[in-house]
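Think of it as A, B, C, D, E and F in the order they're written, each chain with its own count starting at 1.
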């Protein structure tokens, strides 16, 4: 059983602002991340899958298939976008890196079987580095 | 004669859009960087100064003074900001990384003598990494 | 359930020397790390906490609170220090990176509830890179 | 209980080509990695062991002993080699990074007790970065 | 006047062996790099151009044009290749990283005007990192 | 004409304290770097040489010769040392990174011809990263 991790990058902007809170509460809560004009990051996303190697190929998965899936579900919709304004789920959910990781996880999980129809590999976890100092991880089985 | 480089980081958002061009021309010119909602980066800024070492201290400069200058002139105004909307000079100038480097250079140069009143150290160059793959450098003496 | 990791850095010096052993045994055991004059490192410390996101904020924790805790318990006492001479617990314990990780873990664990009084987030693990090639990890629940 | 990781690097070349498949099947399966003349990588190998600290030394293991083991079992045979042509097990097994990780794991596991004869430390996992974007991990107990 | 650097990566294999020397001389000269089966690297190539910014666009160059040029002249012919066997110029020239840098420089210089027909930007230098520890640079004007 | 850079690393401790100044002046001048017990760093040293390639070998220099020179002149005396107490020149000179770079430059320059007796390669510059954020460079010809 192996874990295979592939790294992707995209640049995007966002603003942390919770709809149910007052302007002042948002300012206190998120500090400079609440700046109404937004700010941005170069997000680094590590997608990890696990499984046995295919005996014939010696590989856990064909990385080209993973690239296609991630391009369609993540890089296409998120690259050079404003997450609040252009990604539907962030209309009602604050685009913190935790929620971003969960959303990426949900998208890949939902479409996983179109890329990998067999029992293996399984999507295992998503890791997002928002900056080199702030890192967020979620395991697939913790997201419905 | 030494060169001393200190590295700083800030996250910001921007949109590439030239005022004198049509919507269509901007789209063709800047591609996804023209997205009207903006996008963002973790900018890495290297500030280089040069000079002889002070015989008494064995240093070219006191890095704490450079940190104060950069905090006041660059990190304060740029950190977690939208460059187009919140940095005055980018109202009329497209916030490409070239122009951003030039603006940082101009700000530090203009205020250099408040932090370093002597003949040395001299501000030498600014280097901005917009992503790990795109890097922009300007030498101080090429900016008025 | 998420894991959030925040990275900190400090520079310190130390000497590996076990009190209960002879000079010669120490020399054989620790080699150049036993040098009586000490040596030093730029330590990179990753602090990981886990928990669910707060529904209101979309975050596992407020990183500013973690920064304050780590500043008080780790960076303040360790930054630019000689670990053997200036950190009390290393008077009787050899300041290997294993013991340093355990000490950081103990300090954060003991003071965790002052920063994070609720059930979540929980401190999960400490990871120290002594150099880019030597890395030491400890899980919180393996330290009393 | 700690995890200690030590990082090693070696450069090698390989070709992905499965003996039981036709030329055409191999080309489709492995794409440019099937190039008959081979290609190469700078492999980064992280070897992780776990265990309690020795009370006397404050260390989980003596890194010099691990270095000797890895030099003998991995760096010696693999550094600046063609994996297909010069490492026996890859005559019949495709040298994917999964199989390379498994082979390194097997070699270290088989010879572990010559370097570390006691109950601890235990070899825990092997992680190979084939490029900065492709990472492969295997846990020791998943290899016989 | 700015310098703009764009980073590219490719994996390739090579063997250092000078045609005019004996087997023994080659072995002594190149050591393990002379291994007859070859070895490989993940090459990191930084391409630097310089010039003024275009007043209209605020950019020194359109990175998409540079990407196309480098894809055609460097990544296409070199990615996942054996340099000795598959790149014509290395039939008679030893594929050291110095010669590789010179060859990349020559290819880009020769085709520069098809991508950038104006006076600016000018190709300025090529930098190759063969490993993280070995770096080779050549300035364009030092190659005919 | 090429520039070849080779990277070395060593860990050491030091204290910034100028002999000609009072305790108080030293404290104000160097801040936490004046801590009487010292602190330490993982220094990263880039040694750059320049020259034409040898026509026969396709190389500017034999890196094994540079490694031997640097091992003898720099790594041997500095690795895991206290610079103030164990490197003679720092008895009277403050071991700032500027002075450290100058000392390394002086040592390599003085012994260069034993490793490289010909006209080429020439030692060109020394670059020291004291931390990932603080970098110091000196050109050989600026040191006598």
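The working rule: contacts are C-beta pairs under 8 Å (C-beta built on N, C-alpha and C of every residue); 3 or more make two chains touch, one makes a residue touch a chain.
Computed from a predicted model, the values in this text were never measured in an experiment.
Asker: Applying the touch definition from the top, give me the chains sitting in contact with each of subunit B and subunit C.
Answerer: A, F
Asker: Farthest from subunit C by Cα centre, which chain is it? Let me know.
Answerer: Relative to subunit C, the chain whose C-alpha centre sits farthest away is E.
Asker: Degrees of rotation, nearest 5, to put the Cα trace of subunit A on subunit C?
Answerer: The superposition gives an angle of 120 degrees.
Asker: Shared numbers divided by all numbers used: is that above or below half for subunit C and subunit D, i.e. same or different?
Answerer: Different residues, largely: of all residue numbers at this interface, under half are found in both copies.
Asker: When the centre of a chain is set as the mean of its C-alpha atoms, what distance in Å lies between subunit A and subunit F?
Answerer: 43
Asker: Measure off the straight-line distance from the CA centroid of subunit D to the CA centroid of subunit F, and report it in whole Å.
Answerer: One centre to the other, that is 34 Å.
Asker: Taking each chain's centre as the mean of its CA atoms, how far is subunit A from subunit B in angstrom?
Answerer: Chain centres of subunit A and subunit B, defined by C-alpha means, are spaced 30 Å apart.
Asker: For subunit A, give me the residues that contact two or more of the other chains.
Answerer: 132
Asker: Would you identify the shape of the chain contact graph, picking one of line, ring, star, complete or other?
Answerer: Contact map by chain: other.
Asker: If you go through all the chains, which pairs of them touch?
Answerer: Inter-chain contacts occur between A-B, A-C, A-D, B-E, B-F, C-D, C-F, D-E, E-F.
Asker: Under the touch definition given earlier, write down the residues of subunit F that touch subunit E in their complex.
Answerer: Answer in residue numbers: 1-8, 46, 53, 56-60, 62-64.
Asker: Would you tell me which residues of subunit E are touching subunit F in their complex?
Answerer: My answer: residues 16, 18, 20-21, 29-31, 93-96, 98-99, 101-102, 132-139, 142.
Asker: Which part of subunit C faces subunit F closely enough to touch in the complex?
Answerer: Touching subunit F: residues 9, 11-14, 32-33, 35, 37-42, 79-82, 85-86, 131-132 of subunit C.
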